[in-house]
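After this come two complexes, each holding subunit A, first together with subunit B and then together with subunit C.
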Partner chain A sequence: MILLGEFALWVALPVSIWGIVLAFVGGHRKRGDLVLSAERSVYAVFFLLCLTSLGIILAFVGEHYEYRYVWGYSSRELETYFKVTGLWAGQRGSLVFWVLLLALFSSIAVFQNRRRNREFMPSVVGVLLTITAFFLGVLLFADVNPFERLPFTPANGQGLNPQLQNYWMTIHPPTLYLGFTSFSVPFAFGVAALITGKTDSRWLVVTRRWTLLSWFFLTNGIIFGMRWAYEELGWGGYWFWDPVENASLLPWLTATAFLHSVMIQEHRGMLKMWNLSLVSLTFLLTIFATFLTRSGLIESVHSFAQNTRIAYIFLAFLGVATMACLLLILWRKDDLRAERTIESFLSRESAFLMNNLILLGSAFAVLWGTLFPLISEGVAGTKVAVGPAFFNRVNIPIGLVLLALTGIGPVIAWRKATRRNLERNFVSPLLMAAAVVAGLMIAGMRGFYALATFAICGFVLTILATEFWKGTRARARIEGEGLGRAFLHLIARNRRRWGGYIVHVGIVLMFAGFAGASFHTEIDRSVEPGDQIRAASPYGHEYVLTYQGLSSSRTPNMWQWVALMDVSRDGRRLGTITAEQRIYSTADQPIREVGIRSTPLEDVYVILAGVEDFEGAVLNESSAQGAVFQVLVRPLVGWIWYGGLVITLGSLIALWPGAGGPARRKVQATPASARLAKV
Partner chain B sequence: MMIVLGAVLVAAAVVLYVVQPVFSGEKAPLVSLDEEFTEAEARRHLSLVALRDVEYDFATGKIDERDYRRLRDELAREALDALQEVRRSREQAEGRPPPAQDTVADDLEQEIAAYRAALRAGTLCDRCGSANAEVALFCAACGRRLESERGEEAAPAARS
Partner chain C sequence: MKNSRFYIGLVGVAMVVTFLIWTGFDKAMVYYLTPVELMAKVAEDDTFHDIGVKVSGRVVKGSYQAEGAFEHHFSVVDLAREDASFRVEYRDILPDTFSDETEVVIEGRFRRDGVFEATTVLTKCGSRYEAMPEEMAG
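Right, the complex of A and B next:
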């Protein structure tokens, strides 16, 4: 079965190349039989890649350490769950996983459009299979074949990096990959629109839901990654501006820009070329992100990969793809002219455009900071690391403007905002922002950025709440419904708008969580059992942590030292927190498992930074209980995760299939067209 | 041996499946079979979405009367143009000669009147969008039960 998987990988490449040729030739010569054959290759490749993935999983579960990949990422002691997820634990497997997901989405796209959008399909199939074939080629010819054998059969594997043995780490990469790969579909439709010259509205309608789906996965993937970093990396933060984190953020930024700018094209017929460019750019960035994660080109906490030959292959592909996109867009530039121009700076068009420019500016800054070490090494010969300080300095102001736009965008008028429009919509939110600042300053809060963030959060939330209230009230009045029912119907009837607003609410919550970081307290202390560590929370509480002692134990694949702390707040006992250090048999460095106690307002985060006498502690000697702790009180961290949930909810609402937009089938059916009668 | 057999079987099945259309001449359609998404329909769809948003924005005071009228006229004209094109291409497909411009407009007025009535009675089908008689319990076009949500999307501007 494993051999069959390997064989299937080799068959998949010629099948996909066959499909590429037939798709483009069939599309060009209008030969339905060739196109059908090409579409069948999409399904066939998916089937073959399922066999391949199954083969890899069976090699893991069956402990076949003669395969280099299995040997490198598994061991006999590893739980079966982590053996199955070994498929995406390392570079080789995750490339297979990537192309498997791509084949899955390609198959779905082909199946969905077996009767619709047929003019696009030859090119769509051609583009999707080209991407597939590229990844298959990399797998087979760039020294990353997951089925490569060692010259002998080791008795045991090297084991999985302990930091990857975490629940979030098993769902974070697949979610991100789902986001990366599903974006290939809107890209393929964009390219198909350029190739066929049908660059008007249709590809936007077709790709809207795909883009949203991809955005949904990307967003969740990024948040899962933050969660993993917070729980597992043991330094108390969730975002380090690490190159790989940045790599996942880049396509998110441009995809977000795209989701917004399509609305300008829909409403005002502007920005066609811009939208096509954004789709292409986002796709290129997903490839770039995959490349950055899996080439080990830049130092990173994620650098679990070290082959550099693959880097040049990826760079070549990126270069060719970029050129192809540019040429296609230039070729069709006459069809992409705007139907109208922006009339006023104070309008929703320009708010959207601002949002786009800012998102792209941020993407550029992040990209620059990520690549700077490489560029400096190439130009000056020394690798200059760019730390979080740079990214924070650039991105905090950008993020705040963006945050403000999540409130301004939804309510500012199309075309040209008048004074009355501005007064009507922005006076009370601005008053609210001022009230928030005043309240917080009276409560003793200082710090420009934090105050600004909370003020803007208040501003945006007021706008959004007013929106929801106005809509609900209007509906309740017109339909004679109760407020609760009217609210639900309001959302159900225009899911994109209201789902989008709910996402905005989630963003606000997340930003509030980020701002909380400026008030965190940290205490480092070396203690013996019975000693107390006191930590003040920014809300004025005092936490007292009493160290109870250390106990050590051994499991099949690690030693662990567990420290127990008793926690009380303002004299009231809350419970216990445990923090651990582990030494895995497969790694030399001790790994920290932190203890976290979460409340909606703040987290107490305990790190066992060191054990004074490891050996004594192993023997559980009473004299060897000294330990070093870092205790962090982190306000509002929970809001980031709540915000993430709200974003998920909002994007699911926007994604939910079925009626919710104007009816699509029959011209006359939509209520909106009924209103046309009045025109 | 089993492995070789399995591999041969997989390869043969895949190749046969993929290559078969080329020999048998079985064809994938090259133009859309569902009319749902012709270019004109997509344009109509988008202008209706935009129109709905403009109505909403006006109803909640985000745009002024003058801008509202102008935007609505623009979008409504786009929607109507697209609508007429959809009808023309449909009738062409059915082999009838394209109707004269004013007939289209007249028919449209009639149909729209019928739909407004259905809208008021809550008998618009939310699956296929057909208008049904006021007393209908099931959609005459697709058979779906009419849940009577009283008038689909609220059209605040139309009444306020």
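Right, the complex of A and C next:
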């Protein structure tokens, strides 16, 4: 079975190349039979890659340590769950997993369009299979074959890095990869629009869901990664502006820009070239992100890859793809002219353009900061790095403007906002913002960025709440429904719009959570059982943590030492927190597992930083109970995760299959160009 | 020119972003060096003792000493050259994956007494899991 998987990987490459040739030739000569055959090779590649992935998983579960990849990322002691997820634990497997997902999405796209959009399909299939073939080529010829055998059969594997043995870490990479790979579909349609010359907004309408789906996975993937960092890395933060984190943020920023700019093209027939550039840029950044994470080109705290040869192959592919996109766009330059121009600075078009410009500015700053060590080394011969301070300094102000736009964008008028439109929509939100600032300052809060963030959060939430209220009330009055029913029907009737607003609410909650970072407190203390650690929270509460003692236990996979703390707040007992140190059998260094007590307002985060006497603790000696703790109070961190859930809810509402509201039905009934002319 | 205000806005945004990147760089950039390069820099220009630098290297086997959980001393050596090494002093909690022979990235100041005062220590985890099997077998 494992051999079959290896064989399937070798077969998949010629099959996909065959498909590319047939797709482009068939498309060019208008030979439907060839195109059909190319489409079947998409299904075939997917099937073959399923066999390959199954082979890898079986090699993991069956403990075949003669395979270098299995040996490197597994061991007999590892739980079966982590053996199965070993498919994407390392560079080799995750490349297989990447291309498997790409083949899956390609197959879905082909199946969806087996009767529709036929003129796009040859190019779509050709583009998707080209990406597939590239990844297969890398797997087979760049020293990263997951089926590479060792010259002997080791008795046991090296074990999985303990920090990767975490639930969030098993779902974070696949979610990001789902986001990366599904964006290939809108990209393929964009290229198809360029090749066929059908550059009206139909390709956007066809791929709207795909873009949203990709955005949904990217967003969740990033949030899962933050959650993992928060729970597992044990320093109380969730974002470090590490190159790998930045790599996942880059396509998110441009994809977000794209999601918004397509609306301008749909409504106003502008920004055609811009949209094609954005879809290409986002796709290139997804490849770049995969490559950055998996090539080891840039030094990163968690650069899990060492093979640098593959870096050059990826760079070459990126270069060729960039050139191809540029040439295609230039070739169709004349078809991409805007049907209208912007009429006023105070208009929705302009707000969306600002949003695009700012998102791209932010992406540029992040990219620049991430690549700067390489650039400076190439240009000046010395590596110069920029730390989190740089990224924060640039991105906090940018983020705040974006946050404000999540409120302004939805309500400012298209074309030209009148004075009346502005007054009606923005006076009370501005008053709310002022009230928030005044209230927080009276409560004793200081700090410019935190105050500004909360003020803008208040501003945006007021706008969005007013929108929901107006819509619901109008519907309740017209249809004679109760408010609750009217509210649900309102959302159901135009899910894209209201789902989008719910996503904006989630963004606001997340920003409030980020602002909480201004009020971190931290206490380090060495204690014996019975000693107390006092930590003040920014709300004026006092936490008292009483150290109860250490206990130790053993599982096949690890030794663990668990410290127990009794927690009380302002004299009232809340419960207990445990923090651990573990020594995994495959590693010789202790790993910390933090204890977190989470409430909506703040988290108490306990790190067992050191155990004075590991062996004494195992023997339960009462004299060997000394330990060192770090106690952090992290206000509003929970809001980031709640915000993430709200974003998930909002994007699911917008994504849910079926009639997406009046706009969508109209689109299917009439060609997009006719619809545009009517607007 | 109806659109002039719009274009002024666009240019304004572009300028603000550029300004932020520019000033951000000034404040936040640090030299990223190997121990060999650091030695060469300080020999050439004394002021390299005063500015923050980031250095990547390997922890020398057996060099690690701790005083409690919050004070650590160890030596870092160049990945390529054994003769370029220096002591490091770090007063905070070390990352979990820190141990002998791990690759580390330290940030801080290289004092005139030849001790590197680190403000952050990051380990490059994962690397030892790709150790050469040939060595293991040997």
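We take it that the second predicted complex is superposed on the first by the 658 of 679 C-alpha atoms of A that agree within 3 Å, B and C clash if a C-alpha of one lies under 4 Å from a C-alpha of the other, contacts with A are read in each partner's own complex, and residues count from 1 in each chain.
FYI, contacts are C-beta pairs under 8 Å (C-beta built on N, C-alpha and C of every residue); 3 or more make two chains touch, one makes a residue touch a chain.
Note that this is a predicted model, so its numbers are computed, not measured.
K.L.:
Please tell me, clash or fit, for subunit B and subunit C sharing subunit A in the overlay.
P.N.:
fit
K.L.:
Once chain A of both complexes is superposed, is A:E615 in touch with subunit B (first), subunit C (second), both, or neither?
P.N.:
neither
K.L.:
Once chain A of both complexes is superposed, is A:E79 in touch with subunit B (first), subunit C (second), both, or neither?
P.N.:
In the superposition, A:E79 touches no partner, neither subunit B nor subunit C.
K.L.:
After the superposition on A, what does A:D524 contact: first (subunit B), second (subunit C), both or neither?
P.N.:
second
K.L.:
Considering only touches as defined above, state whether A:W368 meets subunit B (first), subunit C (second), both or neither.
P.N.:
Touch status of A:W368: second partner only.
K.L.:
Would you sort A:E266 into first (subunit B), second (subunit C), both or neither based on which partner it touches?
P.N.:
Touch status of A:E266: first partner only.
K.L.:
Quick one: is A:Q158 in contact with subunit B, with subunit C, with both, or with neither? Answer first, second, both or neither.
P.N.:
The second partner, subunit C, only.
K.L.:
Scan A:I358 for contacts with subunit B and subunit C and give back first, second, both or neither.
P.N.:
A:I358 contacts subunit C only, not subunit B.
K.L.:
Between subunit B (first) and subunit C (second), which does A:E542 come into contact with in this model arrangement: first, second, both, or neither?
P.N.:
neither
K.L.:
After superposing the two complexes on chain A, what is the shortest C-alpha distance between subunit B and subunit C, in Å?
P.N.:
Nearest C-alpha atoms of the two chains are 16 Å apart.
K.L.:
Which residues form the common part of the subunit A surface touched by subunit B and by subunit C?
P.N.:
none
K.L.:
Provide the residue numbers of subunit B that touch subunit A in the complex, in ascending order.
P.N.:
Interface residues on the subunit B side: 3, 6-7, 10-11, 14-15, 17-22, 24-34, 36-39, 41-46, 48-57, 59-64, 67, 70-73, 75-76, 79-80, 83, 86-87, 108-109, 111-116, 119, 124-131, 149-160.
K.L.:
Using the touch definition up top, name the residues of subunit A that touch subunit C in the complex.
P.N.:
Counting only subunit A, the residues touching subunit C are 68, 71-73, 150-152, 154, 158-161, 163, 234-235, 299-304, 306, 341-345, 350, 353-354, 357-358, 361-362, 364-365, 368, 372-373, 382-387, 389-391, 393-394, 397-398, 524, 526, 588-592, 607, 609-610, 628, 630.
K.L.:
Which residues of subunit C touch subunit A in the complex?
P.N.:
Going through subunit C, the ones touching subunit A are 2-3, 5-6, 8-10, 13-14, 16-17, 20-21, 23-25, 27-33, 37, 54, 56, 68-70, 93, 95-99, 105, 107, 122-127, 129-131, 133-134, 136-137.
K.L.:
Touching subunit B in the complex: which residues of subunit A?
P.N.:
So the residues of subunit A touching subunit B come out as 3-4, 7-8, 11, 15, 18-19, 22, 30-37, 39-41, 43-44, 47-48, 51, 114-119, 121-122, 198, 200-202, 204-206, 266-267, 411-416, 418, 420-421, 424-425, 467, 470-471, 474-475, 478-479, 489-490, 493-494, 497, 659, 661-679.
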